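Next come two complexes built around subunit A: one with subunit B, the other with subunit C.
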Partner chain A sequence: MLINTVLVYIRELLPVLLLLATLLRLQHHSRRWLWQSTFLTAVMLIVLPPWLGDITQLADGTGLEWLFISAHLSTLIALFILLAGRMNSASVLALCAQALLCGINLLLYGLTNIGTDNSTESFWLGAVLGVGIGASIAVIWYQLLAELQRVSQFILGMMLALIGARQGIETVTLLGQIDMLPSGEALWDSSALVSEHTEVGVFFQAWFGYEATPDMVQLGSWLMSFILILMLWQWRRGKL
Partner chain B sequence: MTLLYRSFILCCALMSCNVFSRQEFVLVIKDHLFSPSHLYVPQGQKIKIRLLNQDATPEEFESFALNREKVVLGQSEAVLYLGPLQAGEYGFFGDFHPDSAKGTLIVLPENEWIQRQVEHVD
Partner chain C sequence: MTSVRRYLISVLIAILVLTSFLAALQSYRLSADRARELFDQDLQLVAAAIMQQYQVDSVSFEQSMAVQLMQGQQMLYRSEQAPAQAVGAPDGFSEQNFSGKRWRVFVQNSSNDWHIMVAQPLQQRLQLADEVVTASIYPVVLSLPLQALLIWLVVSRALRPLNTFSKELTSRKANELTPVTLEQVPQELAPVLLSTNHLFERLSAAFAREKRFASDVAHELRTPLSVLEITLHNALTRWQQQGMSQTDESMQALRDGVDRMRQLIEQIMLLNRTNPDNFQAKMQPLDLAALCREVVADCYLQLERKQQNISIEGEEHLQISADAFALRLVISNLLGNAIKYTPDGGQIKLTLSRGDKTAILDVSDSGPGIDPDEYEQVFNRFYRIGGDRHQAGVPGSGLGLAIVKDIVLLHSGTINLAKSQFDSGLNVRVELPL
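Moving on, here comes the complex of A and B:
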């Protein structure tokens, strides 16, 4: 129970924290967007839970997928807007969308454990440990980006592109899950090399949307999002 | 404009046929266990799995092999679309109770699937 909670918390928090660390490196002169995002996310996570049951039952039980697709697409669009120059509003949108995804999943996980015999204490301990480990990784990530930025600014563009590519692959995976896109055969199976069960697999999944058995649609969307953001980054650098 | 409208209606109709023509299977979650724990499905076909969560708490159907992750709230149901799949075994588990909620989706080749259907009719 304790280990499961730690793993779930790390897995859900990492995408938000890695995005946050990258945005902080990108916009270290202003922090207004951070407070705005925190406020908006808090409001959404207070307003949304009572409607969660109704949302999940929408569209033949695919409502939650549509909500998650919207969040991933919002993040991807926000990254495009960010590179087009509107950094403050884009950062708020990206962070809120990712925090919403994380918040809903943690809320649902919390519902399974809080109040049940023998598990409440383990749950809270696991949650604290998960938040602690996730925050530690984010701090290390922030410092690592700062060091790499000294070598080349391109690193930040690469990180944004990887985060964007994750949104692309997650979107098409969810569309496949609700039968809006075809699911093809896996192009390869790299689970022997890096399994999605392992810590490295979880980290890679949170960082750039790692899939051990991707199909053509998933790979295509990943590459397209990655290349588009990288091209926008280069365009922005040329413009500046 | 009319042509565009008709094309849109046709696309919607084809998508609907695609969704509704799938063979449906039921997977029940009760006491944090999947039932059946071994679900047999045919190879090379698109299928629909109806997840019925009879527990009071939510569960998340997760499968790395199938690239699927689906939350089902307590005392409710959800639908999962899969396939076409190659013959083989695909593990899945309940992400919120991974120690107890475990199962395997067994995809059978066409001849074995037909044989299994005949045995069950007999």
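Moving on, here comes the complex of A and C:
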């Protein structure tokens, strides 16, 4: 229980925190978007939970998956808008979408685990460890980005591209889960090298959407999102 | 700007939390494995005890355990939790489902066809392991706030000399160039402190040299200039006696040049004297309006020569605290400029008013005025609009407004330029605290 909770918290929190760290490095002059995102996320997380049951029932029981797909797509689109120059609104959209995903998943995990089989204590301890590890990685990540930025601004572009690629692969995976896309044969299996159920696997998953057994569609969507964002970054910096 | 303190505290706490929590997780994993081994050993011991005594009743085992003892296909004994049928698990340890639960099962067969199965609910084992192991993680988690507090204290303490040094520098006045002294100087800060103090020392010496230079040069020039003036005067007198024209152009140019040099030397000396770093102001209550009237009276001859109209308007008495010599210099410089640059028959107006805790003096003229882009530059030393000669064709040193600004700043006042209320010209506004 404890290990599971830690991994779930890291998996859900890290994407938001890594995105936040990258956006903070990208626009360290203004913090308006941060307060706007915090406020909007708080409102959404207060308003949405009572409707989660109804949302789940939508579209033949795939409502929640559709909500997640739209959140991932919103983040991806927000990254495109961000690179087109509308930094503030794009940051708010991206951060809200990721925070919503994280909030709903943690809420569902908490609701299904707290109070069952006397595991509440392990749950809370796991949550504290998960939040601590996630937040620490984000702080170190932010400082590491600052150091790397001094070497090359391209690092930031690469980070955005990896975050965008994660949204691409997550969207396709969710579409596969609700049978909107055919699931193909796995191109390789790297679970022996890095399992998705270890801390490192979870970190990679949260960072760039690591998939141990990706199929052609997943790989295609990952590469397409990655290259598109990287090209936009280079175009924005006048190098394309 | 990044803060070293914030950087150190955040990164140190993040590294501490990350390593402690990951270590706690690893320790949890290892302890859970060890607990599992102990539970398995328990199952083995119970099975061995039953096998040795062939009598289940004589063996004490936990009520939660499921036990089956069989000889061939015949069930000799089964505990309450065990199913009526043989579980059918392989020899050794395995995980099986029966009685609506998942069990950790240990099966052992003996040579005389005895067959024993001992099992424990998996959930219960995990729960027990969790209870034992999580207890060891609590101290790690609970001690973190204390560790974070200690890091904050240690980093703050270590950076205190740097903060003191920074405060010492920021609280200094612009002209304070004495060496910085700190009670405790860490090894890393010592070279910075040493270099800063060396810099202050060099700056102080350079400023002193600069101050002395202008004043010394002006002083040194005064004597030969006086000799030159006397000689010129004698030459002119002699030439006049010999019947030569006094208005000879070259002699006139020479006399103008000597006048300009005299004026420049006087201005340099005044600038040095009124410099805020040097000037020892004797503040006393003064009536600004009365002082203006006195200065206007002093300039009467110049005004008369150029047929200019002058007026003083506004407050008849305006009491301020100022240095009489310096303030007279401000008014005479401003009025002198107005007279110089206003054409013959032009208008000059002095207006005195009371602002919010300030006394305001406006000196307006109907001269050619100044381009607003040059408003700031005219206060620079030796700055002359249009080069050496102003467009009005009036010679000057370019030091008058620099002196005025120094004196105004010395009195904690402000000086601003604007367009005059006349059709053309300049308005100089001086605001001094009441």
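Note that in this section the second predicted complex is superposed on the first by the 235 of 240 C-alpha atoms of A that agree within 3 Å, B and C clash if a C-alpha of one lies under 4 Å from a C-alpha of the other, contacts with A are read in each partner's own complex, and residues count from 1 in each chain.
Throughout what follows, a residue touches a chain if its C-beta (ideal position, glycine included) is under 8 Å from a C-beta of that chain, and two chains touch if they have at least 3 such contacts.
This one's a predicted model, so the numbers in the text were calculated from it and none came from an experiment.
Participant: Using the overlay on subunit A, decide if subunit B and subunit C clash or can fit next to each other.
Facilitator: fit
Participant: Should A:Gly132 be classified as contacting the first partner (subunit B), the second (subunit C), both, or neither?
Facilitator: second
Participant: If we overlay the two complexes on their shared chain A, which of subunit B and subunit C does A:Thr62 touch? Say first, second, both or neither.
Facilitator: first
Participant: Tell me which partner A:Gly53 touches in the superposition: subunit B (first), subunit C (second), both or neither.
Facilitator: first
Participant: Thinking of the overlay built on chain A, is A:Ser190 touched by subunit B (first), by subunit C (second), by both, or by neither?
Facilitator: Once the two structures are laid over each other on A, A:Ser190 reaches no partner at all.
Participant: Check whether subunit B or subunit C contacts more residues of subunit A in the superposed model.
Facilitator: Counting contacted residues of subunit A, the larger count belongs to B.
Participant: Taking the superposition on A as described, I'd like to know which of subunit B and subunit C A:Gln27 touches: first, second, both or neither.
Facilitator: A:Gln27 sits against neither subunit B nor subunit C.
Participant: For A:Tyr109, decide between first (touching subunit B), second (touching subunit C), both and neither.
Facilitator: Once the two structures are laid over each other on A, A:Tyr109 reaches subunit B alone.
Participant: Examine A:Asp179 and indicate which partner it touches, taking first as subunit B and second as subunit C; both and neither are also allowed.
Facilitator: first
Participant: Return, as a multiple of 10 degrees, the angle whose vertex is the Cα centre of subunit A and whose sides reach the Cα centres of subunit B and subunit C.
Facilitator: For this superposition the angle at subunit A equals 170 degrees.
Participant: Please give the least Cα distance, whole angstrom, that subunit B and subunit C reach in the superposed model.
Facilitator: Result, nearest C-alpha distance in the overlay: 7 Å.
Participant: Can you list the residues of subunit A that touch subunit B in one structure and subunit C in the other?
Facilitator: In subunit A, nothing is touched by subunit B and also by subunit C.
Participant: Name, in rising order, each residue of subunit A that touches subunit B in their complex.
Facilitator: Result: residues 4, 8, 52-53, 56-57, 60-62, 64-65, 105, 108-109, 111-113, 116, 173, 176-180, 183, 185, 191, 195-197, 211-215, 218 of subunit A touch subunit B.
Participant: Can you check the complex and tell me which residues of subunit A touch subunit C?
Facilitator: 1-3, 6, 117-119, 121-122, 125, 128-129, 132-133, 135-137, 139-140, 143, 146, 199
Participant: Any idea which subunit B residues touch subunit A in the complex?
Facilitator: 15, 18-19, 22, 46, 57-60, 64-65, 67-74, 76-83, 86, 95-99
Participant: Where on subunit C is subunit A touching in the complex?
Facilitator: So the residues of subunit C in touch with subunit A come to 2, 7, 10-11, 13-15, 17-18, 21-22, 24-25, 28-29, 123, 126-127, 130, 133-134, 137-138, 141, 144.
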